[in-house]
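Chain nomenclature is as follows: A, B, C and D, assigned in order of appearance, with residue numbering initiated at 1 for each chain independently.
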Amino acid sequence: MATYPQRFRFGEFVGSLIWLIFWVLIIVTLVGLPLIFIVLFYIPLPPIGDEVLTPYRFLTMVVDPSRTIPIIEHLMTTDFFRVAAFPGFTYAALIAAATIFIERKFLAKMQLRVGPLYAGKVEGILQLVADGLKLIAKEIIIPSGADKPIFWAAPVAFVAVAAAVVALIPVAPGWVVADVDVGLLAIFAILGFFPLITLLFAWASNSKYPFIGGMRALHQMIAFEIPFILSALSVVILSGTLNLTEIVDSQIQSYWFIFFVPISAFVFYISSLAELERIPFDLPEAESEIVAGWLTETSGMIYGLIQLGSYVKTYALAALFVILFLGGWAGPQIFPPEVRTPLIDISPLYDQVAANATFWFTLKTFGVIMLMLLPRGISPRIRIDILLHTGWYKLIVLAFINMFVALALIYGGILGPGGLLVR
Amino acid sequence: MSSLEDKFEESKKLGLQIVKESEDDRLMTLSVGPQHPGSGHFRFTIKVDGDYIVYCDPDPGYVHRGEEKMCEYRNVIQNIPHLERPVIHDSNNITYSYSLAIEELVGIEVPRRGQFIRAIASELNRQVYTLYWLAIYGIFLGHSTMFMWPMGDRELFIDLLEALTGARVTHAFNIPGGVRNDMPEGFRDRCIRQIRYFEKRMKEYEDIFYNNPLFRQRTEQVGVLSKEDAAKLGVTGSVLRASGIPYDIRKAEPYDVYNELDFKVQYMKTGDCFARSYVPLLDMRESCHIIEQLLDKIPQSGEVRAKLQPNPKGPPGEAYRRVESGRGALGYYIVSDGTPRPYRVKISVGSFRNLLALPYLLVGQRLADMPAVYWSLNYWPVEADR
Amino acid sequence: MTSAGGFIKAIESGSKHLVMRRFTLRYPEQKLKFVGDGYQFDPKRGVGIAGYRGRHILLHDKCTGCQLCAIACEGIAEAIGMVKVDEQWKHNKKAIMPQIDYGKCVFCALCVDACPFYALFMTNDYELSSFTKEHLIYTPGQLAVKPKYQGEYEIIIDDRGATHG
Amino acid sequence: MNVVFIKPLRIKIRVEPGDIVEVATFLRDKMGFDHAESAGGTDYPKDNQIEMIYHLGSYGREDLAPHILALTTRTSREDARLPTLINVFKSVEYHERETFEMLGVYFEGHPRNDRFLLPEDWADIPPLRKDFKIKGR
């Protein structure tokens, strides 16, 4: 009655399309092409493979995309690609984005809602993009009494530390940014930075609620750090190494460790929930008690960065669970040995083993992430004293139980070098 | 002298070493509200020592609109739309006792069918209010599913009330002399069908919320209000019944048709937050039975509204009538001086009475229990301010 | 262990709802069906007829310009004002009719109760939003228009839960 | 002390301000009225008096459950002072605070006769007195 939809005219539609094409052409010819020529003729280009990348070769690539394949192949061997793209940040951020979307739809299903619906036409698949744009457009408000350098640095440090954890996670055999011998230890060392960042940010906000939230985060993370490490320790005993790739290899040689040490896996799962500040352990952000906890004074992209960091952290811990207990990338071979694609032949880029490993690893990681999302729908927030009690008294004891089981398995000759169940 | 003062002293003792003036800088003053997500239109100042609350001072009045003064400037019918504003989720109950008091003053009898429809609307509205309250209780404890489910189920009852009264929340349905209109066709079947569905839903609430061990841990033995203290503080409604006093106006002083109905007063004996949050669910269950009985017993036809001149007035006098609303006894004290406008209207609301228990329950509790205790008191800030 | 049982029950109950129907009414695409044609009042019998209380409809051939609706609204919302109309009716010598400001109206329908001539009723139309406050003031001419409201969705309850449409 | 009216389930008695604490204590200890449901005042400019009314109820005695006993007293408008009942009925604490700011009755012995519902900067006469007029009416 009161709102009329605008009438659709085909002529106007076509006119707007032509107008768009006109502007694209203008910009490409006046800005794009000169830029390309400046880059090609005045900046020395790196050698690719055996040949030097000349302007002639580059321009032929524009016409024939299959000639870019050697360049990509070369790029994929560089460290930069590993850090920025595949096992590193982009892959983690993509999984984090998918996690956010899945979480919202999954929770909405459980709560009899529809969840994001309109952005992106198909079930709100572009909702995250819209949210991100909104956060970027928002003003960043800094409290007048805040400690500005720390206030600015903490969100960046949060994402950086979360990304540092990702750097140690092997996704497929050989596909890891930093393959260090003490990988597991390094992960726990890096995770130890989070309470520090939280507390620094809380203190820098110069506000009461963030301060209480920061103190809670500190208590919670310290209480859960010990069962966290202890539960991972039984895996180390079983595999005899701290290197994550070798831990996976030893599971491929025998069986997944979750079958031997299920209680450790349970403790690890609970502790990682606490480490991630997810419901029911979201005390540092308990909104009805302390507004938003240590995030009270965040706004705009500072909040966005912390959210990104925490979801990257979710991916990292889920991936760690997969590596420690679910056999990492182990799984039946389902990818064909080589692929044929029309138009452009990408077979030099295709690696059967890596693709298969990545597929299984991602699948398992999403399974664990779903498991981590589940408590949010069914459980209220826990109280701080119950939480500390759980952490210090119950989980540590449980973690010890399975450590003895692991020791018994090693000394009983069932696992370990030359054990019964080792293939 | 009594257990109440003892308890207050006892809970003070917990923080007694801290409350000393010299160590006052250990305390942190937190202002909960009016912009705090866990307060509503209401503020209370608390002081915490570490994780324990050692002081609490409620400060209502952010939504005070002077309903009592406004009543003196309008005639009795015109008062209806603005009187339901304090509790729009329970608007049939807040106008119910007003209508009862005016009827007593003017001296009119409501037709029997009208009484039944009134009771049906009032019970449906109690469900709407309680579901809203339960949803907020869920989100206060961080249980987002418990926020969404009651909000969704509440729509069913809102749709029913919309069919009956024509408005979704502010119904303006009870007026002195009866109700505004008769039930629409097919209302009875629809009502029974939705109540059957809702009875099934309440089992799910128990599964996911009330029997959840984390919820039990958070609410059991928290904020215990003993029977003596409850009577002394004069709390009402579900807070009173959770403390072991089976007092319900529908049973104690049955108004209209309630003495013909067969229902039990639901109560629990523990008086902790769990009891205070569980009694409303029991009430809703009982309310479903009441609605079914009302739909069975309602006369098939008849008047629903007594004839009344546009400006009803009675002899000078005064009346105090009360009903059981979603938050407990809701009484109107009306003084009439023989003119069409009331001389004085005093609204005694359950929220205002339950507020008195807040400082007593909060002192000595943990900060994390603050939302659990506060919202379990069935407190509606707008109603308390009037 | 009772607490473990409680968790399992909660998980079961939560995952059961993954396949249940959703409550959500997708409003601009779906509209709710109402009972009847809007709230009406029968002055002879003194009771109303159940219906949704949306905006009013004014029957020009019945309105006598008696101002009772405006008087009823005086203490409630003061939304009704009487204005001159450019019409000639035998029963409306003063040629005044109510004009309603929906920025103030609370939709209590007590003006409908006050009208003794079957001239003022309410309709199902609730979509009254506008960009300016002036557009919320409906003149007698606008009030005479019968709104077109098509709501066809109702609550459906079955084994998989309740849903709208 | 005199009985103003007796209606079914409702009794109203009026006492002098000096006796009210004593009467209230008697009602609580001997009669079983253990809480006040509401307490409020009414302004009577014609008599130059303010009437304070306590609606007392009982949770303890089942036979008294439907009964409400209205205990009233009157004080003059110019110097409105009354003894508080907070030591008898704990439940009147907020009601008396509200009456203080709405009608300007000072309760002697009440720990907090200060602002409750009205805004902090309220600087007019108490709003529920009859000589306070709402603007435009």
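We adopt the following convention: a contact is a pair of C-beta atoms (placed from the backbone, for glycine too) under 8 Å apart; a residue touches a chain by one contact, two chains touch by 3 or more.
The model shown is predicted, which means the values in this text are computed figures rather than measured ones.
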item	value
Number of hops, chain B to chain D, where each hop joins two touching chains	1
Partner chains shared by chain B and chain C (touch criterion as defined above)	A
Distance from the mean Cα position of chain D to that of chain A, given in whole angstrom	65
Separation of mean Cα positions, chain B and chain A [Å, integer]	47
Centroid spacing, where centroids are CA-atom means, of chain C and chain D in whole angstrom	42
Rounded Å distance between chain A and chain C, as computed from the means of their C-alpha atoms	50
Chain C, residues touching no fewer than two other chains	7, 10, 13-14, 17, 23
Multi-partner residues of chain A (at least 2 other chains)	110-113, 377-379
Chain pairs in mutual contact under the definition given at the outset	A-B, A-C, B-C, B-D
Residues of chain B defined as touching chain C within the complex	73-75, 77-82, 145, 152-153, 155-156, 159, 162-167, 170, 172, 180-185, 187, 193-194, 197, 204, 207-208, 211-213, 216, 303-305, 307, 310
For the chain C and chain A complex, residues of the former touching the latter	7, 10-11, 13-15, 17-18, 20-24, 26, 125, 127-130, 147-149, 161
Contact set on chain B toward chain A in their complex	28, 30, 36-38, 51, 138-149, 152, 208-209, 212, 214-215, 217-218, 366-371
Residues of chain A touching chain C in the complex	1-3, 106, 109-114, 117, 374, 377-379
Contact set on chain D toward chain B in their complex	9-10, 12, 34-38, 40, 42-43, 53, 55, 59-60, 65-66, 68, 70, 89-91, 93-95, 102, 115-119, 127-128, 132, 134, 137
